[in-house]
Each structure stands twice: as structure tokens, then as C-alpha cells.
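Read through the structures below before going on.
After this come two complexes, each holding subunit A, first together with subunit B and then together with subunit C.
Now for the complex of A and B:
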């Protein structure tokens, strides 16, 4: 039964996941194409100088890509469940309702995590061609909250899509919109360092947010 | 699990509301405080104050009013360009002939903000050739870092330059440097009159001056008093070449490090706290103006050219929580959260109390209101104790949050 549920989720998101990962790789490709061009035209010295002392963030083009991934996977996974209230079929299975939901959710998280890890690995590998470890660490500190934003967006999409009452959907979207902005501010490079533990904890806690709206859905809130 | 997920959502909503509602409030109601601009006159040996506004006023310490023209003439070092243009620059002041080059050479200005210290610092620096024989400085092709040794990395190839790294590491080691460096400060720019390398603090809190002279390392260990530790260093490039840098100690003392003699001189300034005060250091032919700006006061300390205190001025103004808009704020909001802070360039969770206790009244009223709403909904109060406690502690944020993510598990 669990295998079938995982397979169902895979069918729903597979092309979106592959499509997003390709999009992310293309985004990274563009970032490093710009780096390559910067090195060719300004030389490594000038390019490093711009990053170290002029506030240039060479990875800035990548900012909204992880967020987009969270939105895409979240919608791909949960929107079909609300069409004709199909998720009710899942709730009628002889399994614990919360466990089924969490299994679906864990599958989505693992899929998104796999895609993000691929992108992060590619980012670090490509960075190591051009930059020393200090600059790579500072860059990773800067991009890490963007991946957390992707997870937060995924969790909020699940919460909002499963919410049965439109008015509450609007309020949740408002809270989600404001909350996600805390991950994507535009500070100096590596400025997110002190906030990363707190943001990570909040993001992990948010992972069970969908249970609230799913409960309301099951109880038929109007 | 549903209850836990709702509780998490309520906490998230409280965080969002404690960031957005105060921001909106301050956007709507905060009024600016116009801090006085205080300068010391070498003509009268007294303070003159500019108060920006409509109209802008110019006055002395006793409150006597002056016209702009009179004010500028009282501060000839600050306004010398204007006085030269209008032909009102005196020929001599205190027996000194007023020479444009002298005035220019003795002028210095440095401004420090707490965010200059509280920010992520670069770990890689370009080491300029200090005596290249060229008219202008050139950016080298490599950058150095000081970890377990001093390493130079070629920016074009991202490879370590072994020979140069060994040469500098050995020089530092020879002078008793304890690796790694904890602080590297300099002026990593070609836009300066000359290069003076970097001031570097090692792991044992010792201070070193490191330069590159004709391809060879120059290292000088600075003698420090026992126990002196620096938390911030500002390297400067002033025309008079009297000192290399301003150094702030852990105890918020301000030092300068004199050029060539490497003597540490302490400024007689006690009002400064690097974490939350701005500092303006202005030097001219006669004096140094040290202005310490904090949230509630401005201190101006005047030093002579031997860095001895000759005069001081202090003016206080009400902090935000003492002003009308701040008092009203403290009756509505218990605290506010922000991811950014004016004293830091880091992103973090910055909590700030509202500065008063008036919010307790509103919190209790909101607890009563929420209680009444629950009674109207015929809810079992026992199941809402945590919600009521949240409203009691977080006030308006908690009230809105618990009603947005309603607790219907105990219906």
C-alpha cells in the first residue's frame, strides 16, 4: 500500500521535478557563464575584487530558482488532490490519515531535497573552479536561505491548497508571503550566517503545517 | 499532530505579525530627530551648533544666534573653501599664516558606524607593492589569506603561489606570529595616496604590521600593553601621515597607532561604545573633533594636536521610547522583531522591547476579549489555555494569530 502511495506521488511530480532540476541547472549554467565572461573580460583579479570589496554577488541570478522549485513541486503534488476533492479517496484508505499525508509530504520533501542537493553540489563544484574555499563558504551561506525559502514555499503551498475555506487561504497566503521574504533579503554576502540555525529550525517545524488544513478539510470546514 | 501543526502556524503568524505591524506603525508615525551638528571654533575656542530644520539655525553654546555668514567665519577650517571664494578667509589664525596646502594637509575625516564592525569580513586581501616606483598603485594578481600559514592565491588560476606563501609565512613566523590571523585590516583599494599594507591581529591577540616592499615581506610587531585586545581597526590614509589607524579596544577605548614610531596613543574619550555609537573624527590645523553619536545624546570632545582634551560638549535628546509615538507604541506592542538592525549588516532575529510596560493593559484586555469570543462560540475553555497564555504574553500578535489559525479541536 505504501509503495503504491509513493508511486502515485512520483507520477504526479516526476516531470515537474525533472523540469525544475533542468531549469535550476540552466540557471546555474547562466550564472557561471557570466562568471566565465567576467573572468575573460576583467581578469580573475578584477572579478575577485568586485566580489570581495564591491559587494558583487555573482550568484544573484539564482535567487528565486529554489523558491520557484518549492512552489512548482507543491502545486504539482497537492493541487490535483483538491480537484473533485480526490484526496478524500486517500483518506478512505485503511491507513492512518495523518500517516498517509505525512508519507506523501515526506516523498515531496525528499524529492525536492534531492533536486536541491544536486543544484547545491553543482554550485559548489563550479565555484571551486574559479574561487578559493573562503569565497565558496561565503557564497554558500548566502544561497542556503534561498533553498530554505524553497522548502518553506513548498510547505505553505501544501497548507494553502488543502485549506477548504477561500478566506483562510487568502490569510494563509498573506502570512506565507511575508514569512518567505525573511529568507530572501538582499544583504551583503554571508550576512545570513547568524540567522541560518533559526531559519532552518523554523523551516523544519513548518514541515507539519499541512496537517492543520488537512484536518480542516477532513472535518468539512466551510 | 494537528494540534502541533496549528501551534507551529500560530508561532509563525506571531513572528510575521511582530515584524510587519511595528514596521507599518513606524512608517506611519515616526518623526525624525534632527541631531545638532557641533563644531569647535579655532577663532573663539568655543562650540558652534548648526540645527537643521525650517529655518536652519546657527548658534553658540550659550544660545546666541548667528547668521550663516557669521557662523562660517567662526569655523574657518571647516568652511575654508567657502571663505576663500567669498574673500573672507583670515590671513592668520592664532599667529599661524593660513596656507591652503597646510590646511589641506592637516584636514582629516573618518566616520564609523557600528555596522562597520558588525558585518561579515572578507578573508582574502590584495597585498599591494608599497614601493613599486610607479606613480599609482596597481592591483596585484593574487590575494592572501592567513589560516595555518599566509597563503597567496592567484586569482586567474585559483592556484596557491607556493614560493611567495612560504616567504611570507616564514617572515611572520620569524616575528612570533601565532597562526591563524583573527583580524586583518587595511585599505584594499588603489585609490589611496600610498600603500601601508595591513594591520593584522594574530591568534594570541598580538598586533603586526605587514607590507610588501620591493617583492620582500616587511613585518613589524607592535608592542601592546598587557591585556590590550582590539575589536575593530580602521586604517586611514590622511595627508598628514601622523598615524596608520584608529583602533577600538574591547573596553571601547579609542587608540591611534602613530606612523613609523608605532606608538599607541589613547584618545581621552570615555563616552564611546562601538556596538551602538557612531563616531566622527575630524582633524584640522588646530584640533581634532571627536563626535560620539548615540541614540539619546551627542558628545563632542575636542583634542589638541598632541591629542590632549581641551573642551567637551554634550547634548541629550529623548530616545524613541520617550517620545509620543514611542509611548503609544509601548501601549500597543509588547516587542518587535526585525531581521535587520541599523547597528549590524548581519541578518538575524533582532528582538527589541517596546520600552514601556503599557502593553500589559492591552494584553489583558485582549485575553478578556478572546475569552469572551470563546464563550460566545461555546468552546471548552480548558482546551484554549495555551491560546490564552499566548495572547497574554504576545498581546495583539498572539490575539490575531490564534484567531487566524483557529483552535477548533475542542469544539
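Now for the complex of A and C:
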């Protein structure tokens, strides 16, 4: 059954996942082109001055890319389930309704995680060309909440798309907007360091929010 | 014969609007039951309750003895479900969707599915979303046949189908159900289709069940009598034996479960002058309209 669930979810998101990962890589390419350009035109001293004393985040252009990934994968995975209420087919499969949804969700999370890991790996590899390890660690701490924001966006999309009542969808979207900005607020490098465990816990808690929308659907809310 | 579906004292409201109260229905094992009703009579509501997509305000539906709100995976595997409009995962092609479903059902039999698919003029990689309504209906039917369920719940299977596909669908379905002793609970807004398919009929009107019995019994016991009244002011609607009465000027269509003799005697004993009294043979659609009214 896992195999079948993975097969269906893969058919839904494969091109979106590949497309997003390529887009993310292009985004990273742009970030490091700017870094290269900074070193070339400002010189090493000038570039480091901007980072150390002007608070420049050389990877700032990357900020919204993980968030975009969460939105894309969430919509690609859950929107087709709501067209003509196809989610009824999913709930009719010979599995517990919550279990089948969580299986789909786990697949989405793993796919998104795989894409994020590739991007993070590329980020670290490219950073290591220009920066020392201490700077790379600080940068990874800075981008980590952005990846968490991507997961939060994915979880909120699932909650919103599966919700059967438009008014609730609108309300959830407002809540989602508020929550997601928490992850991407501070522009200071590594400012989120102490908050990462808390943000991670919050993200994990959000991961099961879709079960509430599914419960409301099965109750017949409309 | 045991009941596969039993709905007991089912009551549901949408807000303050009552759909029905204390509805009791049952479907016999191995029978094909057609649920007929006008738009808004509660057909889809009943299907949704049966499939666990709607929680009734009170009462319960049991399928194979389990509450339909909490069916176990093993019982769900015994139920084939056709959603109104033959909805399926339209982002797949016919190979992908067969591969997907086959992983869930131990009794999966691909042969009937591929037999139906061979009749469709579709390319192997064509997505279901690009198929015609009739082709999609065959995909949905083929998947149900391959699942090999004991109970089929079909919500308005004739929706969007041209006469040829409707006939193909019905002929396949009836042959399959009868040869393999399957139980079917179905709705359709095209009543001629039902006549070819069903054994038992359940007719619902707003808030209540008007009839539930074998279709042969319904068609012989429910009758239509036409006659012309001399005085068109005579009010026959209030009589208990009259199930429905349609009048255009002095021409009367009277629907009842009583016999021809009974009605004739009633008219005679009450001094209701009339002419041209005759019993009119009805198809199921005529009988349905006769029982529920034209509007």
C-alpha cells in the first residue's frame, strides 16, 4: 500500500519537485554570482566589511525560495485531491482515513526534505569556496528557519486546501501568513540560533494540522 | 436473506432544513436497489452518509454490520464506490491508475478492467482528464469490476453519458452483479436506466420514503387511472387511497395502490359522474412521476 501511495503522490508532484529544485539551484547560482561579483568589484576587504559591519546577508536572495517550495509542493499534492472532491476516493481506500493522509503527508515531507537537502548541500559547497567554516555555520543557522518556513507553508497549504469551507480557508490563510512571517523576520545573521529548537517544535506541531480539515470534510461540513 | 445495508432512524438536517427524519432503509444481500428521488430529496445525502462523508444528525447506517461512519479497512475493501460524474484520479493514465489501485486490493482482477479498456479508443499514455465523459465512465466501472467488491455504491452513474455508454454500463453491471451475486445500491436521474438494472426500488420524496419494495411488485401494485369528470370542482386529492392526482381542466390522472374495481366503486358510490375510465399501463418513469408528482 505504501508503494501505491508513493506512486500516486510521485505522479502528482514529480515535475513540480524537479522544477522547484532546479529553480532553487538557479537561485543559489544567482546568490553566488553576486558573491563572486562582490569580491571582484569591491575587493575582498570591501566585501567582508559589508558582511561584518553593514550586516549584509550575502545569501539574502535565497530567503523566499524554500517558502516557495513548500507552497508549490503543497498545492501540487493536495489541490488535485480537492478537484471534484477526489479526496473521497482517497478516503475510500481500504486504509484508516487518517493513516492514508499521513502516508501522503510523509511522502510530501520526505520529497521536500530531499529537495531542501540538495539545496542546503549546494549552499554549503558553494559557500566553502568563498568563506571560512565559521561563516558557513552562521549562514546555515540563518537559512535554517527559512527551510522551516517552507515546511510550515507546506503544512498550512494542506490545511487550507483540504478545508471544505471557504470562510475557514480564508481564516487559516491569515493565520498562516502570521505564522510564516515569524520564521523569516530577522535580517541579522544567525539571529534565529536560540529560537531554532522552538521553531522546529512549532513546525512539527503544524505537521498534523491537515487532519483537522480532513475530519471536518468527513463530518460533512460545507 | 440478510441485509447488507441497514439505515435505522436516520435523521439529517442542513442547518434548519430537514432532509429526512427517522428514515429506515435496507438493501438485501445480492439485490440491486435503485434509489429514486427528485433533486433535493436526499439521494446524495444518503450516499454521503453511507460512505462516511457526512455525519447524520441522529440514527445510523450499518454496512455489513459496521457503522458507516467508522468502517474498517477490511469492510471498505468490500465496497466499490462510484462518485457522481465518474470522478477518478484524472491526472493518471489508464495504466497508472490500474497499477495504483491494484496495490490495495487482495482480490484485484485486472482482466475485466482491460477488457473494458480495450473497447476504448484511447492511447496508453492518454491522461484520464483528456478523455470523454463516456470513456471516463468506463475507466471508473472497469476499476470497480477489477476491485471485485461485494457491494457497489453508485452515485448517479448515468450522469453525462450518452445512450450508448449508458446501455454498455448497465448491461455490464447487471451481468456482473447477477453472475457473481453482488449487491448494488445505486441512484440515477435517468429512470429508464433503472428499469433495466434494478431488482428493488426505493422512492424518496422530501422528508420521507414513498415506496420500498421489489420493482415488479411496485409496477403491478401502483396504478394509474385516467378519466374525465363532469364536474371539475370535485376534490379527490383528500381521499386516502389517492397517492397523487394530476388534473388538466376536467381530465384526471389518478395514481393509487387500489384496484380498478375499488376506484370505480368509489366513484360510483360517491356519485362522481365521469366518463372514459381506463387503467393506463406505466413505465417506471411514469410511475415515479405519478407517485412523486410533476413538481
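Note that in this section the second predicted complex is superposed on the first by the 221 of 222 C-alpha atoms of A that agree within 3 Å, B and C clash if a C-alpha of one lies under 4 Å from a C-alpha of the other, contacts with A are read in each partner's own complex, and residues count from 1 in each chain.
Just so we're on the same page, a residue touches a chain if its C-beta (ideal position, glycine included) is under 8 Å from a C-beta of that chain, and two chains touch if they have at least 3 such contacts.
It should be emphasised that the depicted structure is a prediction, and the values quoted were computed from it without experimental measurement.
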item	value
Joint occupancy of subunit A by subunit B and subunit C, clash or fit	fit
Which of subunit B and subunit C A:30 touches, first, second, both or neither	neither
Subunit B versus subunit C as contact partner of A:15, first or second or both or neither	neither
First (subunit B), second (subunit C), both or neither touched by A:92	second
Subunit C, subunit A and subunit B - angle at the middle CA centre, rounded to the nearest 10 degrees	140
Which partner reaches more residues of subunit A (counting touched residues only), subunit B or subunit C	B
Partner chain in contact with A:205 - subunit B first, subunit C second, else both or neither	first
Which of subunit B and subunit C A:79 touches, first, second, both or neither	neither
First, second, both or neither for A:53, with subunit B first and subunit C second	first
Subunit B versus subunit C as contact partner of A:4, first or second or both or neither	second
Superposed arrangement (fit on chain A Cα atoms) - minimum subunit B/subunit C Cα distance in Å	9
Subunit B/subunit C common contact set on subunit A	219
Complex contacts: residues of subunit B adjacent to subunit A	1-2, 4-6, 8-9, 11-13, 15-16, 19-20, 119-120, 122-126, 139-143, 145, 153-158, 188-189, 339-340, 345-349, 404-405, 408-409
Subunit C partner contacts - residues on subunit A that touch it in the complex	1, 3-4, 7-8, 11-12, 80, 83-86, 88-89, 91-97, 217-220
Touching residues (chain side subunit A, partner subunit B) in the complex	39, 43-49, 52-53, 98, 128-132, 134-135, 138, 145, 159, 168, 171, 175, 178-179, 182, 185, 187-195, 198, 202, 205-206, 208-212, 214-216, 219, 221
Interface residues, subunit C side, partner subunit A - complex	48, 51-55, 73-74, 76-77, 79, 81, 83, 85, 87-92, 96, 99-105
